[in-house]
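Shared between the two complexes below is chain A, which pairs with chain B and chain C, respectively.
After this line comes the complex of A and B, so read on.
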């Protein structure tokens, strides 16, 4: 391959270059695929743009989606620093959503002042997600269970737990007023909904945005500049040497998984209190797995998470609208995502082979 | 193939008579960033010779080997092969041009058999295990390399694994075999066997470039010796056996310390209540139920070095592991300064003032992908916390101070630890463990393994200095000469038991040897 020139490019320049290449190739592929289905490319692209950034509402919806991806991705990157792979974002979002719903509806928080009405459910969501993520950490430390397996399995448990919650009126299902009641919860009180950033429902950008803009740099700081960040790296690189050097291995592993889970739970809280307002079956709808992909694409960098989250947020919004208007299946977005991952893996592999030889 | 190979050997032997070098390095330089690893190096390899490359850690020996083997490209000068320009594009290319290398660290798949490992990367389509086994047998006979082709790598000793690596090279019928510190990991009889193999390989016409710092080996096999220091060639000898002293001088610049110990240390009598380490009936039984360490009892005093002698695998690893908090004893207890620490965490052991030099530096002593500074302070990173963050500037400053004090040579404190030579890594580990604030006891396992003469002397110096400042040292080593040189008293381990103890006097050598072999004194 004539990719040997990649070796001459300095590493710092190369890092963002690889994912960008992957994205570009995938987008071109996506366009080619639209053309191949016989649909009008210009119409499809127009619809895509309309859905992704065509109106203030579309932009806000895209960004709100990005926030969820970003939180899951940040958690993934943090755990990855300790060589832990958290694939449980989907379940962590689900239990976060359950906790946020339960506290919003039945936690007696609706009348609390100073924003506590929406903050407490968010904290409950984070705590629930943290426990959902921390459990695989405990299992790993105590029993050596592979966290990839346990987080994935707990994802399914979380998703079906949510189904149970909205199916059973003893849990979160809205009271049976008539036989036609849908299997979903009541809508949460308006005081527990996330306030709009601009106070304007036509641009429903919620306060999660500033929160994520604080959390991202904060996690980058923790990873790069703190003792905990060093512990994560050391435990990830050489557990035995870290143990000999007196580092708290078990605590570091469990805490890393807890934080990753908590960020996933918080994402679930954002989705419920910022967009959906009531818990339904299919609540998490693949956001956790998209967040996982964002984390993978970021290659350990928080800035990369932000870039990937924005990309995926807009891709998803545009794809849904494209389906509605141009009759191009929104699954095309999944194809594009898949191609991004494949291209990225391929480019990384070629680059790594260049380094090894 | 056989035919052409023998024809090749003949032509080489012909060239050998003429004494013509077939691989020539001309004013080679290699720079890593701002660090000049090699400068103006000229080297000639003649057919069928054994050339030894001698030098301290960080002198550039490994870098030179890696240039020849195509791992790195030189930044200056050129290499000539048979008179033509030699510019390997990588190890595979070097291999194709007849140059093979056995690295310090092996690359074998431990769950596969010898034959399967040899087939890796060579086989296409069906695996012809039988043919390969025959080839291994032929090579084994040709070069005196005993090897069971069907044994699993995981069941082989280090020496046998090295033989597999050598066979892997010899199968390609190389014209130059580069061996990077091959004897560092071997037992004495295995070293002899390896040197015999080198002789036979050279006799068949293949040149051998042997990196070593053991003088006995040079005396035994070297046709010529080239000495590197600080990336330059400082000496060269065509008759190394006669010029050993001069070569050593050239290598370390300063005269090595005389092995004789200051007399005062030996006669020092420990005062009462000076115990820093008391071990009481320590025992370790492994998961298979085998007793690895049995009723180990010992008292270590302030300012004393006790050597633990014994052939490796007689309980030394288990002893060090328990005393450093890495595992719990099955029986017995131990105390540091009167505080019981049996089964305590490594952190608690460190906090009690015990410095630990682990026997396996790469697995336990350091994290190779972190920087030098981070490794020097691995066990006390928390001391550099300020407002919740690590004060990296302070850490770098403190690390460069320790680098200077312990003569750790590296491009900077931010260098990747894994890029340092073995000696410099070990000095950095010592720098970390010997500067514990409340250091009262040092447990050092095989602290000079794989190090060259100069670095060994430095390690001895640091251990003695710690002793003179009142630290009690438990020195676990399989090299008896080392213990006789450094320790005050020696206990001998055999099958996990203490066979006996005696003062570390050279005239005790025979007695200690007998105890190491399991004979009660």
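After this line comes the complex of A and C, so read on.
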């Protein structure tokens, strides 16, 4: 193959090169599409920049979005280390959002001191997501169920569970005062909302940012330097050998899926308590699938997750603003994302070592 | 409950099951040959859009159907190229294609239709078989369906015949179960798998057209709304057997029809529960709670000789 010279390039140099190429190709394709729709490219790009990083507010909104992608992506990378593919981020975000709403509104946490008012709902969100993600792990161990199929099904179930919660007054829907009452939950008490990092609503960066900045390196440390990390890798590389070596296969697989799910659930908690404040239908808005793509892009590296999450966070924010100002449909961002995924799936051929994305 | 309501319910069950039946039949062949075609949703959406576009442009729904069915083929070719030739992860590729198709059809729809989006699009006509159409009540409510549905029924029967009674069917089954044996016998695993994926593309195109120009007579953004994933769920719930899969599609269609039917007879069940039901059933099925699952042995595994 004509690309074989690439195999002689040292791996550390090649690793970031591949996703960067994929992203670059996709972005160029996106710009070409903007031109093809007849819109002014400079106007569209200007609007994109304005929406993505044009003001402190825009920057904070982009970064808050990136946090969600980063959490789902970190979880994906962790599970992937054991050769598990978690495509359930969307459902894990949904159940996280449900749990965070339920605890914030009806858990009696609003008056608790020392930040417990917003920490407990976040923990509930992580637990709910963990259970939602852990179930496929249990099914995999007990029944050999392919986790891709089970996490995908659980994603849809989670999305519609959320829909049910906001449609039914017996669950989380706000009390019906008249027929115009929207199918959404009450707004959560202000003490349960995530505090702003700079205490300033014009730059609404919430405390999720430092949390994610701790979680990321922590997971990298766990993967690279701990016994659990070694178990994950061994189980992923050769389950039989890991079994002979006396490693706890079942526990490792279930725990990996649980942690991945818990990070997804936490992301749902961030979305609810940091941005949206009330639960609505369509809450998860495709962020779980975006996070999955971020995890794929990262090719096993937590630093890569952060890079991908930032890219997608700004891409999404810019795309929405581009639609509002320059009338370029934000569906363009979907096209760019699709092209990124496919280019990436194709270029894995170059440095494949018996391992696909 | 009156007989009339019963007939209406059965009629809409069949109508709502039709796109699932069409797409799941193609997907089953592809999965049987070893390719998990997650891009079914994207193929259906592409078919739905292209069908609506051509039908609107020419005013002839038949040309729409032809164009819509063929438009799904390049998408299928993309999936096949990635998962068979490049040996890339089939699920990842499928999700990528779905995102791409959703973006591309939405973009094209806004560009082409723009403000005319509410215009009705010429649709396929309805037909009911002779004799059956004379049955009182049922003739009007159950058998009077878009003719594509009857064509689809015929294709499903043919598919069953080919898959279970011909050498081609045997070879396709073997591709998913023991690709090495197929290779050793001198047949090309890649070629057979390409064939299977392209067939599933054709069927998904038909299914998409059924939704846009058969059932609803217009196109809306992302209008397949997960029907492709539902079809995959039907295959899982049907344990990769054609007959059971057809029943699963009808069951899922009935769950969708209940959404309109239950309120009409005064029973309030949250819509979300009914929409969720098929996915819950599929999950229960893959969890092995209703008998052992027998997925094709090499499902989603690229084949290479070494």
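Details
Just so we're on the same page, the second predicted complex is superposed on the first by the 343 of 357 C-alpha atoms of A that agree within 3 Å, B and C clash if a C-alpha of one lies under 4 Å from a C-alpha of the other, contacts with A are read in each partner's own complex, and residues count from 1 in each chain.
Convention: contacts are C-beta pairs under 8 Å (C-beta built on N, C-alpha and C of every residue); 3 or more make two chains touch, one makes a residue touch a chain.
Note that this is a predicted model, so its numbers are computed, not measured.
Overlap between chain B and chain C is detected when the two structures are superposed via chain A. After overlaying the two complexes on the shared chain, residue contacts for A:233 are found with chain B alone; chain C is out of touch. In the superposed model, more residues of chain A are touched by C than by the other of chain B and chain C. Judged by the touch definition given at the top, the superposed model places A:303 against neither chain B nor chain C.
Once the two complexes are overlaid on the shared chain, A:241 sits against chain B while remaining clear of chain C. In the superposition on chain A, no contact is made by A:182 with either chain B or chain C.
On chain A, the surface touched by chain B in one complex and the surface touched by chain C in the other have residues 357 in common.
Put simply, chain A touches chain B in their complex at residues 221, 225-227, 229-230, 233-234, 237-238, 240-248, 357.
Within the complex, the chain B residues that touch chain A are 89-92, 324-326, 345-347, 350-351, 356, 358, 363-370, 374, 378-379, 381-382, 385, 388-390, 392. Within the complex, the chain A residues that touch chain C are 33, 37, 85, 87, 139, 143-146, 148-150, 152-154, 156-157, 160-161, 163-164, 167-168, 289, 292-293, 296, 329, 331-342, 345-346, 348-349, 356-357. Every residue of chain C that touches chain A in the complex is listed here, in rising order: 78, 82, 86-89, 91-93, 95-104, 106-107, 110-111, 221, 226, 229, 233, 236, 270-273, 275-276, 279-280, 282-283, 286-288, 293, 295, 302.
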